[in-house]
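Given below, in the form of structure tokens, are the structures.
Both of the next two complexes hold chain A, though its partner changes from chain B to chain C.
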Partner chain A sequence: MSVSPESFKKTSFISLARIGVIASHTFTQLVRMKVFYFLIAFVILLWGAKQVIFQNETGGDTSPEQELRLIKSTGFAAMNMFSMLLALSATALLIPKDIEDRTLYTILCKPVPRLDYLLGKLLGVLALIFVSLVAMDLVLCFFLDQKYSEIIDIQTLTYTRQGMPQDMIEAKLANINAHGVSINIHLASFAIFLKAIVIASIALLISTFSTSTLFTLILTLIIIVIGLIQSDAREYADTMAKFGVENQLSKISLMVAVFFPDLQFLSIEDGVIDGHAVPLSIMGRITILSLFYLAIYVILSWFTFRKKEF
Partner chain B sequence: MNHSSNHALDAPFAIEIKDLVKTYRSSFKKETFKAVDKVSINIKAGEVYGLIGPNGSGKSTTMKALLGLISPTSGLCKVFGCDSTKVDARSEIGFLPENPYFYKHQTSSETLKFYGNLCGMRGKYLNNKVNELLELTSLTHARNRRLGGYSKGMLQRVGLAQALIQNPKLLILDEPTAGVDPIGSREIRDLIFRLKEEGVTIFLCSHLLEQVQEVCDRVGIIFEGQMVNEGTLDELTAIENQHEVILENADEGLLESISELVRQHSSSGAKIVSSQTPRSSLEKLFIDTANNRKNKKS
Partner chain C sequence: MAKLKNVIVILIVLAITGWSRMPIEQQLAEDLHELKLVPPRLSLEDRSRLKQKAFIATYGSLRPTIAAFMSSATTRPHSNQEWDKVEDSFEEILLLDPYNFHYWDMASWHMAYNAAIDKKSDESLTEVARNRVFERYIQKGKDIIDRGIEINPDDWRFQNLKANLEGNRFRNPDYPAAIETHKQMLTMPDLPYHAVRQANIRILFNTQNLPERHQEAYDIALELFARGGQYRTPIVLNQLFISNYHPLTIVESPMSLIEIYGSEQNALKHLRTLWRNRKQGPKIYGVEKMIKQLEKNTTLLDKKRTIYQNTEVNN
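Presenting the complex of A and B:
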């Protein structure tokens, strides 16, 4: 058989199967790096938070909610920190490691388009974060629900002893109810995942042009910090404008928002800790915004990675 | 597949490198540096071609250009007529990089499956291929061990197996025997012979000359990025007017009469250049010892 160009199998530009292969490989790689061990730490942390009982000297009934809030805020803070750390380090480490170990040579020498490689790596990291967040969300809900039942039992007992009428007891308990397990907890967890998506895709972009892991880590961290404080800066500028102080800050911060994602905007867990329900419109908005950032960063990553030489 | 010679003639070249130039800019000075300088190589389908040259002469760079890992500064590279900057060109190439490292967390069978999957292979067909290749590279006994614990030679064999996973028509081997013990490098050599019989085109490079000698149909010598010599091994190395005779159990008398015979022909210019007891090469000694051990064991 003579070999002619026509005999080549056409390699499709994007193949979900191929991306899946790389993603599941990345997932396994991370799992075998024993990242799931932090779950133990998470369980211990929340168990500790659950043991805390606020002494209440006045006999007022604010403390039961405080105890529930503490569990939630501890849980969300840990989830935030863990998912950010993982999104940052896993993405920033994996590609430079592939280049250094030359494993990338062997992958790109198979008929694998470079975009597929990038998407596979990113999806692998995100899948791991997703699974961890689901696990943490369940752990959080478990401890929250336990604490909630305990509090309800104790409070009902106290109020009954105080001789409070039934309808008043119910009204008081409804207050606590808002701090119990609800769909809002899951929505807040999902918003944390959205933040991780944005951070991972920034780290992906930086690792495609950076030549060192440390540089990638530091630059991504700087962008995260900018992302976290820019809304405060904007608020400050608005306040100044109200006082008639002319400044460029608001314009600058708008420009900043185009290139650096506003991570504060993506955070909804504070409201959930306060016991508020999350409106679906906000969920929709932050989902679309995150996916928008994801798309931009992936396209930029592909742009720099497409012609990269090894 | 039919690799008969008349077909090979009308087939395009398996590898076509034309005036390849690759310059690197050194990061401190402004000056550029030519890692590969106007190299042209044509390799026919089914041929085994060896590129030899000292370290840093541009062998790996040439191969990377052929694989689309770097883009040529000028010139072009084609694989079976397909421009090597295109992804499609890679479907028929198996590549063994210099000092291959794979994912340490995977076992060798997982590694091969992973690369097979990347080539779009699935299921039973892939499983059979993986088993076959593990057998071929004598890694079956270690198939469920993680690569983190593999020796250099074993990794090299994983690299070879990985390169062969999708039955490529072209094999590109960067220093296939570097850092491998003599027995391992012999096995790799035998494997290359076998693949050659199956009609696979092989492009390999090495800085160790002896290893290339026996396997290559044609050899190119590259030096500081430039191709300085090219031809069949015979053309390049034969000393046409000499002949080597090695005798066994010859006594003094026989040797004396041979010298006498040569002296009688001295009018035609014949003479003995050297006469000595040949030494067993260290490599041969190594292999013999190992074989003796193995025979004793079994």
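Presenting the complex of A and C:
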């Protein structure tokens, strides 16, 4: 039997086509797990938030924007939770499930570089999270816009009946307007996606050397918790260093700041809930930093996975 | 051995990349705080106060939802006049949602208005104790607003809230302080027109309540009147009228009643209101005489009895 010279062609280190195939397979596999049912829960949650009406207790200036804030807050909280759970569980399950189904052996015995496999799997999970977040973002905007229109109609009528001067009415409506649907809502949703990217890449790194899914989940959760207070540790270490003080706590804070990711800078949805605008320059810096985390964790995942025996 | 090598390499890479990203992250964090895109840092004391909620406060997004429901839950202690509970709840709410003006407004209102007046009428306390507690709660309200200003220095509404409380005649007023706070507010950039107008009128109102500053009150009223339009409110018009009759105020070119009020009917309407509320404000000059004079003109009178006659009967 003769072997054609093409068979000996060296497999390229990275192939977008291969990654795409693995990613689409992973995406389909996850979709079949009926993960999109959570969207029903999301719609019910936002519908409930839309029904809430805050009474004006002070009897003075009304704050109709509170109701819009509640919808945004509930929506973003649910988006954060769903995307984190998906990033965490789907990524932690990736390799163990492939081992259990013996798919991993079928893939790795073919000329598929392990980096392609990891990237494909991760991109499949991220695609699922992206689609989910786009859907949730649209649902959030729909309910927000509905409530916004209701509030604007009621408040315009109320202010006019109260005999307010036109400039005052306009200023008050502008306050409400800052809480309506805008590009900032989509930017905040994108920041949540970036947070999910970082979490998924951490989970991927841990799953490459972890011995069980449970261990991956617990360790990733611990890192997320530390990541959320990492900025406080960095701040403390930075302040101590400026004053030239070195104590046990400052050393620990420095270690935390160096070894753990900062997830706080990805929580810009808080500002959007408060009605603040997100400058595109800030969004760019956040995206670059998140992709930097992704690159580091993927490289480290590949490093531990490259010679792993199954 | 291979595993140990892997762990060492991972730690080295994390240390190098972590060290290199630290200054970038620090700068980004500072910019985000400046733009108020992330919540302010919590001190250790604040964290221990919030207990389990501290994690939620750190995680974000849920903070406003929890704050909103906690705020709704204060209705019960509010109804039961349990002011310590209301205060504790709002301390936590303000930590959870510190950029939300509404909660600062509510918290200071509960303390300086509801709690203060409730304690003022608490018959279980002695007169001295009642007054002391009344003052303490007003001060609590002021302290809350001051903390709000510290966290939100660019929001004019906090300065406005503070000045309105300082100038409230039923809350141990400090008119000079209220004037200063409003003047400080007017130096803030990008103030909406209605806020500028209201602040200027409040400055006049507070100055009116300081008898020794009668000349300043007149000068302010004259300046606001000259601005025309929505500045010609009853406070401004009445001040111009009173100044004409004030024995010490120097009025270089006194304005006639019609120049001030536009018509006699309008003058009668505003002067009657001023007369009705005369006990709440400073001494008013020339009003009683002018009302009597205007009421002689029966075409200006409505079907009801005159306000002047009403108040005379009541007195």
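Everything below uses one rule, namely that the second predicted complex is superposed on the first by the 276 of 310 C-alpha atoms of A that agree within 3 Å, B and C clash if a C-alpha of one lies under 4 Å from a C-alpha of the other, contacts with A are read in each partner's own complex, and residues count from 1 in each chain.
Assume a residue touches a chain if its C-beta (ideal position, glycine included) is under 8 Å from a C-beta of that chain, and two chains touch if they have at least 3 such contacts.
Since this is a predicted model, take the numbers as computed values, not measurements.
Asks: Tell me which partner A:21 touches in the superposition: chain B (first), chain C (second), both or neither.
Replies: A:21 contacts chain B only, not chain C.
Asks: Considering only the touch criterion stated at the top, classify A:274 as touching first (chain B), second (chain C), both, or neither.
Replies: In the superposed model, A:274 contacts chain C only, not chain B.
Asks: Look at A:132 in the shared chain and tell me whether it touches chain B only, chain C only, both, or neither; answer first, second, both or neither.
Replies: Neither partner.
Asks: Which partner, chain B or chain C, is in contact with more residues of chain A?
Replies: Between chain B and chain C, the winner on chain A residue contacts is C.
Asks: Check whether A:33 is in contact with chain B, with chain C, with both or with neither, and answer first, second, both or neither.
Replies: Only chain B is touched by A:33; chain C is not.
Asks: Mind working out whether A:106 is in touch with chain B, chain C, both or neither, as first, second, both or neither?
Replies: In the superposed model, A:106 contacts chain B only, not chain C.
Asks: Should A:307 be classified as contacting the first partner (chain B), the second (chain C), both, or neither?
Replies: It touches chain B and chain C both.
Asks: Do chain B and chain C land on any of the same chain A residues, and which?
Replies: Common to the two interfaces on chain A: residues 307.
Asks: Which positions of chain A touch chain C when the two form their complex?
Replies: 52, 54, 57-58, 60-61, 63, 66, 69-70, 72-74, 76-77, 79-80, 165, 167-168, 171, 205, 209, 225, 228-229, 231-232, 234-235, 238, 257-260, 262, 264-265, 267-274, 276, 278-279, 282, 285-286, 289, 292, 296, 299-300, 303-304, 307
Asks: Would you tell me which residues of chain B are touching chain A in their complex?
Replies: 1-3, 7-8, 10-12, 14, 45, 64, 67-71, 80-82, 87-93, 95, 97-103, 105-106, 114-115, 117-120, 159, 162, 166, 169
Asks: Over in the complex, which chain A residues touch chain B? Could you list them?
Replies: 1-5, 7-11, 15, 17-18, 21-22, 25, 28-29, 32-33, 101-103, 105-113, 307, 309-310
Asks: For chain C, which residues are in contact with chain A within the complex?
Replies: Going through chain C, the ones touching chain A are 2-3, 6, 9-11, 13-15, 17-19, 21-22, 24-26, 28-29, 31-32, 35-39, 41-42, 55, 58-65, 68, 72, 75, 78, 99-102, 105-106, 109, 192-195, 230.
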